[in-house]
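Heads up, the next two complexes both have chain A, just with different partners, chain B and then chain C.
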Partner chain A sequence: MSDLALRLDGVNKRYRFFELHDIHLELPLGRIMGFIGPNGAGKSTTIRILMGLVHQEGGEVFVLGHRMPDQQAAAKWDVGFASEDMRLYDSATLDWHMRFIRSIFSTWDHAYAQVLLKRFDLKPEQRIKGLSHGQRVKAALLLVLARRPRLLVLDEPTTGLDPVARHEVLRELTDVMGDERRSVLFSSHNTQDVEQISDQITFIDRGHIIDSRDKETFMDRWRRIRVELPSGVQLPALSGVIDIKQTGRLAVATTNTYDGVLPRAYEAAGVRVQAVEHMTLEEIFVQNVQCSREAGQA
Partner chain B sequence: MNRALLSRLILKDWYLARATLALVAAAGCASIGVLYLRSEATGFIGLTAAFIVTILLGVSLPMLTIVNERKRQNLAFVMSLPISPMEYTTAKILSNVLAFFPIWLAITAGVLWTIATAGSYGGIIPVTLVLALTPFVAFCVLVAVAIVLESELVAIITMGAFNVSYSFYWFFLVRIPGLQQEMKSPVAIWSRPILSIIAAEIAIIVVAVGLTFFFQSRKRDFV
Partner chain C sequence: MLSGIVLSHADGRPMYLQIMEQIRQRIAVGDWPAGQPLPSIRQMATDLQISVITVKRAYFELEREGVIATQQGKGSVVADGADLGARIYEQDLARHLEQVVRLGALLGLTPMEIQSRLRETLERLAAPEKDRT
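Coming up: the complex of A and B.
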């Protein structure tokens, strides 16, 4: 049995105004991957391909060992999927939806569903059309989580939520992280949410995967080095520096391969190092996208 | 194909369309009741009402269970369940046909039985069956269009086109040589043109269902 929750290998999909290029992506079992990209980057298309809702034109897709889209019915027994544009039936109550899902999935955990109802402050007898956006998102997540699927695929689940609802959803997903048998693919353009719960990060932009690695590596290797240039000293071009912004005698160098050598190299060249700063995931993401786009234009 | 899951999906559609189904079934019973009063006026009103009821059922079911499901973004929820697109197609066709057919059959049988037991009106039975089949044909084509083309606009145009075509259809029927005479007969006359039209209507139903599966099997994007 594969030790991967999902694998995309050389996946392509072409639309009239958008193309997904040669997507390679792997999520080991028990890991949580944050899938970050700007709007229109290809996150939802990738996720729809994973769920068998959209068929790739090239490449291979495996979800929990099942080849997609051919074996999607078998795969989806163990996959919980919720997306921002997924709606429950307006005219039915949450209780009806819970009974409907329970009638299909023998893995439905009734006690956990009751806990989630309380945590999410949802009333089962309420019709979906009477729920706010946040309550609808939480209702959809309840239906997914109470099935206890082995793989959770969440497409922008926190988009449009107020801070309290976002916190409740993220807290629940954090609890899921405690279960090492469960894997999560979590797409968002909100890097704060992803940083909070993910242990692997993948950036996608304009239909290309531009970087994918574990979160600690991202946070450790991306640094901003603030330097001051004494008069007559030029900032040397050092390998590993991917961006330099200079204003007069002050400069900021960004690296994605930080290992402690760069500050010493600058000092050796007569440059005064003022600070070596960690970057937030959002800063890393923006820098990554900019570098990728500049490389694409070059 | 997972039969248990398929039946859950069918029951789900019936539950969500239960108010319409109950209303149409009640209206169908009422129209048969009016027809059973057996005067010329009630006969006309009952027949027209029964015809309208089956048209309404044939339109509202696909709109409720297929078009609205896509329009209201419920499709991703359904497709997140452990089903393939072909199972989804099967469930949609079965839920629609199994909801439509018994009500259509009950209304049609009620109308035909009332006519057959009314005395000397047997001659209008064949043409009544031809007319009764037209909403069934329209319903099957609308189901196919709604599933395959996934467009509310196209579904509405299809629906409108069928509604307009009913009067043209009647215009065409009464011009079939000899039919008006046959309708005045006290017993049903199953002439070759009538049987050909019935066969064509059944063929359209079969082709509509077959083409739905064919086009769905070639489709690459479902949401």
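Coming up: the complex of A and C.
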């Protein structure tokens, strides 16, 4: 039994205007991974490959130990997948959908479904066509969550939700983590959601994974160092600094490999260090994408 | 057990530091006595709706400071030591003093000037109520 919820190894997929390059990704059991990338970066394509909906041209994909896409039927008993473009039957009620899913999946938890109806403020007798966008998203999530799958794969689960609904959804995702055998992969533009609930963070841009590691290490290594240059002192070029913004005698240096050495190196060079700041995931994300694009062009 | 910890998104510090501080406060004021079990890492993560790894980090750092003790498989408890509350305030004081020195240096104050500013503050705050008006 593998202790990985999912593994992609050297996965490639080429389209006319887009290509996924050599994707490596691992998610250990019991973890939540936030998958972040700009529009068109390859998040949904990667997720579709994971779900066997799109077949990779090269590389290996395993989901809960099942090889994809060949063993997707076996994998899908234990995987719950929800995406924005998932369609429910417009003319049927939510209750009809719940009974339908229940008839297929023996793991359906009726009591939990009732709890979710209340928490998501949904009415089972309502037809899908009468639901708002947010209610549809929540209905689709309810149908997936109440199966209590071992792996949840959610493509943009909080996009288009109001703040209250977003909190309801995040709450359910963190509840899932009460059980250490269950895992979640979710993609999002909302870096605050990812920063809050993820154990692992993966950045993707233009079909390349540009960074993937545990969140604490990630957030710890990115720092902004604010310095003051006494007159006559030049800011030394130090390794690990990936961006410098200087106006007059004040400068801000950004690093993605912080380990406490940089401030001392600056001080040793006569530079006065005013502050070493943490960065938000959003700031890290934007900087990371910019750096990786500049490196790609160089 | 509910922790009662409330995290702030407006607080610029990482979430693990906020958790550490709030646990230290609970111990310092005596709400969580020595030997009291802490919520499990997963329980705390679910309560606060944050990732497991963040809570793990906070517990790990608190253990390193000697504030809590973790036994494999049994979870974490508030560490023994009658002076724990005092020690936590002591660490807090040390951090604030460092901040005073750093800000003083930023303003270009000499060590003597920083000392006299501290003395002035001491005198001002120690002065009886009636003298302040």
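Quick note on the criterion: the second predicted complex is superposed on the first by the 298 of 298 C-alpha atoms of A that agree within 3 Å, B and C clash if a C-alpha of one lies under 4 Å from a C-alpha of the other, contacts with A are read in each partner's own complex, and residues count from 1 in each chain.
One rule holds for everything that comes next: a contact is a pair of C-beta atoms (placed from the backbone, for glycine too) under 8 Å apart; a residue touches a chain by one contact, two chains touch by 3 or more.
Worth saying up front: this structure is predicted, and the values here are computed from it rather than measured.
K.L.:
Using the superposition on chain A described above, determine whether A:Met219 touches chain B (first), chain C (second), both, or neither.
P.N.:
second
K.L.:
Looking only at contacts as defined up top, I'd like to know whether chain B or chain C touches more of chain A.
P.N.:
B
K.L.:
Per the contact definition in the header, classify A:Val261: touching chain B only (first), chain C only (second), both, or neither.
P.N.:
A:Val261: touches no partner chain.
K.L.:
After lining up the shared chain so the two structures overlap, which partner does A:Asp85 touch, if you call chain B first and chain C second: first, second, both or neither?
P.N.:
Only chain B; A:Asp85 stays clear of chain C.
K.L.:
What is the contact status of A:Ala295 with respect to chain B (first) and chain C (second): first, second, both, or neither?
P.N.:
neither
K.L.:
Looking at A:Asp199, would you say it contacts chain B, chain C, both, or neither? Reply first, second, both or neither.
P.N.:
In the superposition, A:Asp199 touches chain C alone.
K.L.:
Mind pulling up the chain A residues that touch chain B in the complex?
P.N.:
48, 51-55, 57, 69, 72-77, 79-83, 85-92, 96, 100, 103-104, 140, 144
K.L.:
If you look only at chain B, which of its residues touch chain A in the complex?
P.N.:
Where chain B meets chain A, its residues are 2, 5, 8, 12, 15-16, 72-74, 76-77, 79-85, 87, 220-223.
K.L.:
What residues of chain C sit close enough to touch chain A in their complex?
P.N.:
Residues 9, 12-16, 42-43, 45-46, 49-54, 57, 105-106.
K.L.:
If we count contacts the way the header does, which residues on chain A are in touch with chain C in the complex?
P.N.:
Contacts found on chain A: 30-32, 167, 170-171, 174-175, 177-178, 180, 192, 196-200, 214-216, 219-220, 272, 274, 277-278.
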